[in-house]
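Only one structure is covered here, and it is reproduced in the block below.
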Amino acid sequence: MKKPDLGTIVGLILAFSLILIGNHLEGGHLSAVIQPTAALIVFGGTLGATMVGFPLDEFIRAMKTVSLFFFTKAQDPAKVLAEIVRYAQIARREGIIALEEHVQKAEDPFFKKAFLMVVDGIDSKTIADTLELEIHHAEEKGELPAKVFEAAGGYCPTVGILGAVLGLIHVMSNLSDVSKVGAGIAVAFVATIYGVASANLVFLPAANKLKIKHREHMRLCEMTQAGLLALQQGQSPRLIADRLAVFVGDGHGKPSGAAGGAQAEKSTKAAA
Amino acid sequence: MKKPDLGTIVGLILAFSLILIGNHLEGGHLSAVIQPTAALIVFGGTLGATMVGFPLDEFIRAMKTVSLFFFTKAQDPAKVLAEIVRYAQIARREGIIALEEHVQKAEDPFFKKAFLMVVDGIDSKTIADTLELEIHHAEEKGELPAKVFEAAGGYCPTVGILGAVLGLIHVMSNLSDVSKVGAGIAVAFVATIYGVASANLVFLPAANKLKIKHREHMRLCEMTQAGLLALQQGQSPRLIADRLAVFVGDGHGKPSGAAGGAQAEKSTKAAA
Amino acid sequence: MKKPDLGTIVGLILAFSLILIGNHLEGGHLSAVIQPTAALIVFGGTLGATMVGFPLDEFIRAMKTVSLFFFTKAQDPAKVLAEIVRYAQIARREGIIALEEHVQKAEDPFFKKAFLMVVDGIDSKTIADTLELEIHHAEEKGELPAKVFEAAGGYCPTVGILGAVLGLIHVMSNLSDVSKVGAGIAVAFVATIYGVASANLVFLPAANKLKIKHREHMRLCEMTQAGLLALQQGQSPRLIADRLAVFVGDGHGKPSGAAGGAQAEKSTKAAA
Amino acid sequence: MKKPDLGTIVGLILAFSLILIGNHLEGGHLSAVIQPTAALIVFGGTLGATMVGFPLDEFIRAMKTVSLFFFTKAQDPAKVLAEIVRYAQIARREGIIALEEHVQKAEDPFFKKAFLMVVDGIDSKTIADTLELEIHHAEEKGELPAKVFEAAGGYCPTVGILGAVLGLIHVMSNLSDVSKVGAGIAVAFVATIYGVASANLVFLPAANKLKIKHREHMRLCEMTQAGLLALQQGQSPRLIADRLAVFVGDGHGKPSGAAGGAQAEKSTKAAA
Amino acid sequence: MKKPDLGTIVGLILAFSLILIGNHLEGGHLSAVIQPTAALIVFGGTLGATMVGFPLDEFIRAMKTVSLFFFTKAQDPAKVLAEIVRYAQIARREGIIALEEHVQKAEDPFFKKAFLMVVDGIDSKTIADTLELEIHHAEEKGELPAKVFEAAGGYCPTVGILGAVLGLIHVMSNLSDVSKVGAGIAVAFVATIYGVASANLVFLPAANKLKIKHREHMRLCEMTQAGLLALQQGQSPRLIADRLAVFVGDGHGKPSGAAGGAQAEKSTKAAA
């Protein structure tokens, strides 16, 4: 189910390698930008500020989403659509009760919860209300990890400047030895680099990707809710497939998961 | 259907040529601002950061919208209005069923989908709900390409500063050879120029234009929805033309597509 | 109808003259800040970027609003209120049909359109819906000129910095002739001045004023809609005047157009 | 009714005196930061830009709110609550008509208007609609003075930088006389100080306080509306006091005007 | 009930110690960044500006929330859920009236108020409206302390720059004694450090944490409202536990308070 997120991996490699190659071609040495003390100041300060800014469990939860950043765990909407359509066919042929054995197969907890309520025969208004509340809370809660990285991306360039100014103070207090001034300033500047690079190449893009993935997950939940409620009301599998198609394509006209869509269509026709 | 987008083309030529002429008049040489290594750092870093920040397929989709930036593919609202009015006349004279042969002529996928549902005789509430959902999703999805360019425009000035500081570190480490200091700083500054210029002359304006074009496309979809639903309810072509007129003008009183409006009016009168 | 906008004119004169007087008192020469090449870079770049950022017709429309910036064309809400009240009196005495001859006198296209629909006896729900849609679209469309100036005000300080850095690159490449360094830097700084001054003294305040004027115009449209619908429903002129009074005053208690309000009251009493 | 606003007065004194004492302890002279020409540039430019950015009458209205900044004119919500409860008791004992003599005592124009409508026996839906509209407009209009100061606080640091760059240009053109360079730069920096200090110590905090006071005033209007409507419907004074209590406390559990609350309660008990 | 907030404490220690260790390793002395006059300027100016920006009582209330920053007083949602479920069981077995003796045990004022209304037998619509209004006001009021810290975090870096420029002016006026220039600049830079560090390591993260804690408190109030209203309507304890579960978990599928949830479930089963 886990697929490597090529965008993140290629993007990170491109960003860092091209910048370092450029630096090398200009005559800069890699060693000049590797300074453990600057890293200690910038990343230590950012780490501390971010921990102060969020409840500890949210901070830890955000740290755990780092894998989500390199791997795509999200289910393919086209597959979920096909699954819902298949269940709708079973429900039509054999009654909703026949779906009972399929509930345990559901992997996504939201899908499972909604499916269970439908199979249990709870009235559709209660299901709709419960799922609505669930989605509403998941929406709010699910944004927090992205906000943790966004906050880190906001603090670290300033902590980088703080590190640079600390270095400059040190340099300025020892102006007498002019030969060391340039090198001192160079060292001070590395903190700026760390702050700016980690914010713009890592933290802020990561926050952005987490936000989009979260939004896609929410769309999937909305599709699940709409699909299972339609199934419960006994709508035709074909109509369900039509209505949910909008959740699968990328805007109208160009469905992104053509194969999955076709798959859903095929199984719909088979059932007709 | 594709018309070159004069604003983009003239704007880009004006911006770059006037800045370079100004630079030339001040005595600067073009060669001084052409530095492949600075370009490698700034554009490589920005490319990588943007790839990290968005799902790969969204990133690729945004890249494909570049043509949308130089060409206007959007349909003229006045023409779409005239088309809807013409179909409304046919529907009044010969019944909605007579529109069947015209469905295939529709080019815009949204128009086609809506038109097909109307001709198929689906009840108007279902059509309205389906199109509403479609518009809602298209609105969200369609904003992503603009957001990709906006993100790129946010990252690249900072990556430019990063490139400049990398250059300055190199200069500072070699202060001994004073004769080269000035030239080194000049080289370092070019990265800033690349970052600032690409953000403010290209990425951010491009994002803005994409947003406005997307909004206009959404307005067209809203007009299509309103018009075809009115057609289905058998409203008079004249009334439809009146109600949709607001989607064509630029605010009230000054219709931007006077010709198209007149055209719609003429065909309406002919039908009365 | 056009009145010069004293705020804009006095504000611009004050801003530029006080800054230049201050500069003169500090010993600066006006000639030092007049540099056609810097102007070419800053205003050329900003012009180009803004053209790229907006559809060409929106850009041109924004250019045409420049007169709106120096002149106030907006109607006095108190006068419009008095007009509506007067028509309400006529409608009460002689019937709505008697208003037919007054329709052509209406100058504002929105007022005219609404008035025409009322006199034509169209049902009030259709009028309300049509005007609602019209206001909604006018609200969105009418914000664009302000956004054009806002965008220009966002691009030009950065283009100013770009011009300054271009100048500094030129200076840095010729550090050998130290006597010219200071003058070169001074020249480079002028681009910054142009960018910062045009953004903060012209573009951003202009965008702000356009936004407020647009909002006032929208309030007038809302008042027209409310007033003419009340007229159609045959409400008493006095009640209409009371209800619309809120659109005229500046918050409660202190009507800004006391004279106009009194005028409306007088004509109401005369009619009672 | 006017009470000095201790926060503003103590805050301004603290901010300026502590900064100047700090400057003095560091060895700086007050005379070094007093420069009429820098003040002319920074405050003249900001004044002009703000006048350009707002309609003249809004600008003047904002100037008049300066007293609101040093004095608190707002009514104590607890007192208004007690007043409403007292009137509710009278209305219960002697009928709403008995309140007629009290209408003239009302000082706040909104309270008076609402009170008058209640005593006049206008139906409660009309009263609710009229007050709703009034509150809606007062909300929008009342934000403008805060926005004027916010805009001024946005322009003035940039105008300060403009003044500094103008000074630096002057210095750079006269680099030959090195002995004067430092002093010249010092003079130029004062413009930055004026811009940054006036924005962060005066304009932006002032805008913030105006916003909060405006919001509190709006809450009072909402309470007046809710209270007088409940009075009209003949609700028990005790119930009214209970429902309005939420407008008086600072969140739940800790009423800020304990005395006033007690007062309201006492008079309620006396009436029971 | 008060638990130390480990995130805040560890975060602050990490941020400051790692930065100071980094500074020490780079050869900087702690004494170089300890300057009472810079602290006087930066913190005095920020204190004053923040006092100007907020009503005095809000400022004081924000100061009092500092303990909230180091200690977590929030109730565990799982415990509150278990409590509501337990009361629902009692209400089912012995009637709502039997809850009377438990009202006094409620610690949270919102819970107590809601509980009291339920036990008093007030109709559920009135309870819902009153609690809605209470939550709405608490939401608005409760955000203010976070806004106070946010404002302080916005003012203090600029006041830091102001302090630095004041120092630089002093240095520039005494350029003659070159040996002291470097030290003077170093001293001036410390103000920048104070401003940037206090904003990014303390004020802004603190504001963020206060906001999140406030949001969690609001969720608890929403849960209390939903739970007690369900209890009043006589819903089964099991159903109540199910519906409120969404307020306890961190999104769906992974309840954060597993123990508490289990506890609620157990007591539910015991009651079944």
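Each chain carries a letter (A, B, C, D and E) given by its place in the written order, and its residues are counted from 1.
Keep this in mind: a residue touches a chain if its C-beta (ideal position, glycine included) is under 8 Å from a C-beta of that chain, and two chains touch if they have at least 3 such contacts.
Small disclaimer: the values here were computed from a predicted structure and weren't measured.
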Chain C onto chain E, rotation angle from CA fit, given as a multiple of 5 degrees: 145
Centre-of-Cα separation between chain E and chain B, whole angstrom: 42
Gap in Å, rounded to a whole number, between the CA centres of chain D and chain C: 26
Residues within chain E bordering two or more other chains: none
Ring of chains, enumerated from chain D in the sense that reaches chain E first: D, E, A, B, C
Chain B residues touching chain C - in the complex, by the definition given at the top: 5-8, 10-19, 21-23, 25-28, 32-33, 157, 179, 181-183, 185-186, 189-190, 192-193, 196-197, 199-202, 204-206, 208-209, 212-213, 215-216, 242-243, 246-247, 250-253, 256
Contact set on chain B toward chain A in their complex: 36-38, 40-41, 44-45, 47-59, 61, 109-110, 113, 130, 133-134, 137-138, 140-142, 144, 151, 154-155, 158-159, 161-163, 165-176, 187
